[in-house]
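You will see two complexes here that share chain A, one where it goes with chain B and one where it goes with chain C.
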Partner chain A sequence: MDIKQNYFEFYGLPEAYELDLGQLADRHLELQKQLHPDRFAHLSDQERRMSAQYTAYLNEGYATLRSPLLRAQYLLKLRGIDTHNESSAQIDPMFLMQQMELRERVEEAPQHTDPDGELAALDQEVAQAMAELQAEFRRMIGEPSQEALDAAASAVRKMQFLDKLSREIERLEDELY
Partner chain B sequence: MALLQIAEPGQSPDPHKRKLAVGIDLGTTNSLVATVRSGESVTLPDEQGRHTLPSVVRYSAEAQPEVGYDAHASAVADPHNTIQSVKRLMGRGIADVRKLGEELPYRFERTEEGMPYLVTAAGAKSPVEVSADILRTLQYRAEQSLGGELSGAVITVPAYFDDAQRQATKDAATLAGLKVLRLLSEPTAAAVAYGLDEGAEGVIAVYDLGGGTFDISILRLSKGVFEVLATGGDSALGGDDLDLALANWLIAELGLGQNLSASEARYLTEQSRAIKERLTDEPSVEVELAVAGAQKTVTVTRETFGELIKHLVTHTIRACRRALKDAGIAVEDVKDVVMVGGSTRVPQVRAAVADFFGRAPHIDIDPDRVVALGAALQADVLAGNKPDSEMLLLDVIPLSLGLETMGGLVEKLVHRNTAIPVAKAQEFTTFQDGQTAMAIHVVQGERELVDDCRSLARFVLRGIPPMAAGAAKIRVTFQVDADGLLSVAAQELSTGVQSSIQVKPSYGLSDGEIERMLKDSYSHAQEDLALRNLREQQVEADRLLQSLEQAIAVDGDALLEAAERQSLEASMQTLRELREGGDYKAIEAGVKALAQASDEFAARRMDAGIQRALRGHSVDEIEEGR
Partner chain C sequence: MAYSEKVIDHYENPRNVGKMDAGDTSVGTGMVGAPACGDVMRLQIKVGNNGVIEDAKFKTYGCGSAIASSSLVTEWVKGMTLDQAADLKNTQIADELALPPVKIHCSVLAEDAIKAAIEDYRKKQGS
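Then we have the complex of A and B:
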């Protein structure tokens, strides 16, 4: 089986970064009610199998569209840019410097006098930077020029760095408990 | 009042024939079976009017195994042949069992597959067989009570059960001859029992502390849909551990050493359980204990017990915190907290949960029965008895799934709390020039090192053409179905060499073993396995034919060309004829052929369903916009 529609089309939503999350969630439930294997539990194996494939695509689509980072990566992918699997890309050295400093602070957080507070502060800082990059991406992905598309890709690469950092913060928080 | 059953044309092929379906709570300590009767979910009692069935099986050389109360009564006198809490052994390897080992009185025999077998008077028994004996007893009870053969069952499992444990549970059902409509998470089943009663909307937390397992699930309820947002827990923490903590304290109080016999150890855990239960209503309990030559009157206060179990309770609260975080939900946003499992009767547990969530938890439905009651409600829907039901249960995978990569590290393909069903693919490559095979090791767990995760399966993809290191492209695909069961496929992309397995856990039963056990059980029951195979294939053929007939009646005109329809109907006629013959293999092949022939039609119907769902939506929005 091959589903040809992209996730936006599958959900009947405009292909844009701006997204009404409430509407997405509602449509997700409507589609689940149509497609979930439990709807086919008393029917044939074939229908159950097919519905499992559709639902897997639906779930993947929902996870992708719901997450600000995955949605941005996906929009780029639809335009032929795969920032997730690329091996090398130019990143602004200033940004890299800031990243290294932040990363050091994260690594030292468990030894901080108030590790909980320090991690919360770092989390806040990362969230702030992430929000700015999302705004940048939103502006750039709507522009038709190649320069704007490059700028959008560059924003996503930075978001990927920050995402890794926020996962690391989360891991350290887990360890504190 | 009698209600008329109104079926839309093509909705219910035979409205008079209500399918007999049950929900089964296969618990560590007790099991139950429930069904929906006149619109209400009820647990079914045995002939003596008892609803719970102790999950205890006693084996003897001559007779059939005893299951339930009678077996339980022999637990202290005949500890080696009386198997309790077998759920804790499901899907476990011998090493895991050793960890539990000191507290279990059984003798184990190791097998080649690494699956532990229990040595009993009736021979070596796998945990799967013991569970199957419990399921058979419940099935018999249900069929006696409902007056017919069951068409299927929803069996509940702890939300935190890994793939091996789920697979073992499903295997037990297969052995017992039960068709599994769905493996359902226990907290979700409980939420259904509560949600349908109260028509609840919003986010709820289900705290489920049973005899041997602990789950916490965060769910969002909306218009009949129960969506699990995150789940967490510990599949080896439950009431048994509370008993053990107390038993160890009693051993110290009595001045006993560690070398107790199996009977003595069981006597102490049984006493501990009784004390624990009494402490629910009494602030302090005095008991006279006589064991291993020691005799003493011991007083246990609620405070003492609270101290003994404090670390276990704290552990569960930590899991609650993490589940909320994974769900992206603040504790204030949780509208209701539901308590499930006998161990939530312990006052300290209730207090800790109320304190963490900042609200008194619901305990209105009997915590021992609520899971079975919810499972029965879903079984009724899945069997096709309620075509108009809006109810839908969406679940997640509790633990991340991944592959071993270089250096014993884990590459995660599916992260914990991902909605299921799910399919994920990732490409890997060779690391040596001329490499022609690749070992694939599937693991489950959150840790970064393979050794700290659960090994699920190993298989080898062979026939990779010799190439330079890094040139081959091997795509590994993980598919998890709605029951949370994994299958894995690997493919070399340049040549299309494929290898795939239904993941059979490293220490699960192989298909061959299941078949042999099934054969054995049938020769005992004097029923022919071939006859059973024939019946199964006939049922599958009927199911496919019926659903195609309905589909053509509803969508045939809109979605099929005349020629397509003719050819499809010809294939259907072929299967109808095969069905009347006695050859189950021919029917199986016919089912497969018809399924293939109707694939395109099924896909068109799915797409039409999507369009309907989206259209339905825009209509609502237009109306709201007015």
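Then we have the complex of A and C:
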């Protein structure tokens, strides 16, 4: 095992957006067993530190690969694009307008005659949009051209907004109960 | 996260929250978002015939710093000419509100929003 490998290599999985979550979980368990700190109880401090480092890397890798958004961001990062730390890249104003409206609806949901129904409907809408963006990303990241890579990055930027929306919806749902 | 007193003041009593008619030719609308956090902001200005900003409104879905930054900008730009408002820098906002480095992008959002609103207004006037 080598932490200079990327997460896909580390997990012995193909570097693609499509991913078998069951296979990932199996690989994670296997790697975890190999790395379990108890097995290193007799080792030197330095070796133990290395094992702790491996464990941290392993967990981070697992969390990254498992999440559809983080995995997409990671694939872009491997291609030199960091959509997470951009401050205000140019986003399509139409898309922002929609986001504004959706955030408005989420904010007003508790005053809705049927708050649960409204939140469920919003959740549904966001999930649908998210699924479309993920499909778009999967198509684009597989293509070699620069245009396709730009399109993939733009899909991920939008996913970041939708992710925030769905977290807001979740927060309100928690508050309602 | 410890917010400064000024941030808390704007957060608790945001100035000029609201919406103007985006179709009005004397209104400029700026719509921006920060991919880093998924927050969005709308900032609008109403400009008089003399090129001075008469009124400003905003709505921000974001953290306290973003709300405070946009609230502050709407206060500042009232009475400014478009050129003066276009010169506003996010560092002035961040200084005034004593934002910590991790919250700088929130003030950048407000700067981008006023610039976008001015651009929208000018585009409308030009056409």
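To be clear about the criterion, the second predicted complex is superposed on the first by the 165 of 177 C-alpha atoms of A that agree within 3 Å, B and C clash if a C-alpha of one lies under 4 Å from a C-alpha of the other, contacts with A are read in each partner's own complex, and residues count from 1 in each chain.
Definition applied: contacts are C-beta pairs under 8 Å (C-beta built on N, C-alpha and C of every residue); 3 or more make two chains touch, one makes a residue touch a chain.
Since the model is a prediction, treat every value here as computed from it, not as a measurement.
Student: State whether A:Ile91 touches chain B only (first), chain C only (second), both chains, or neither.
Tutor: The answer is second: A:Ile91 touches chain C but not chain B.
Student: In the three-chain superposition, say which chain, chain B or chain C, touches more residues of chain A.
Tutor: For chain A, the partner with the higher number of touched residues is B.
Student: Identify the partner contact of A:Glu18: answer first if only chain B is touched, second if only chain C is, both if each is, neither if none is.
Tutor: Neither partner.
Student: For A:Gln99, using the defined touch cut-off, is the partner it touches chain B, chain C, both, or neither? Pick first, second, both or neither.
Tutor: second
Student: Output check: A:Lys164 vs chain B and chain C. Expected answer is one of first, second, both, neither. What do you get?
Tutor: It touches chain C, and chain B stays clear.
Student: Determine, under the contact definition given at the top, whether A:Glu175 touches first (chain B), second (chain C), both, or neither.
Tutor: neither
Student: Applying the touch criterion given at the start, work out whether A:Gln53 contacts chain B, chain C, both or neither, answering first, second, both or neither.
Tutor: It touches chain B, and chain C stays clear.
Student: For A:Glu147, using the defined touch cut-off, is the partner it touches chain B, chain C, both, or neither? Pick first, second, both or neither.
Tutor: neither
Student: Give me the intersection of chain A's contacts with chain B and its contacts with chain C, in residue numbers.
Tutor: No residue sits in both footprints.
Student: Under the touch definition given earlier, write down the residues of chain A that touch chain B in their complex.
Tutor: For this pair, the touching residues of chain A are 1, 10-12, 26-27, 29-39, 41-47, 50-57, 59-60, 62-63, 170, 174, 177.
Student: Quick check: in the complex, which residue numbers of chain B touch chain A?
Tutor: Touch residues, chain B against chain A: 19, 181-182, 222-223, 225, 227, 318, 321-322, 325, 378, 381-384, 390, 392-394, 418-424, 479, 481-482, 540, 543-544, 547-548, 591, 595, 598-599, 602-603, 606, 609-610, 612-614, 616-618.
Student: Help me check something: in the complex, which residues belonging to chain C touch chain A?
Tutor: Residues 31-40, 42, 59, 61, 104-105, 108-109, 112.
Student: Per the contact definition, I'd like the list of chain A residues that touch chain C in the complex.
Tutor: Chain A reaches chain C through residues 83-89, 91, 93, 96-97, 99-100, 103-104, 107, 157, 160-165, 168.
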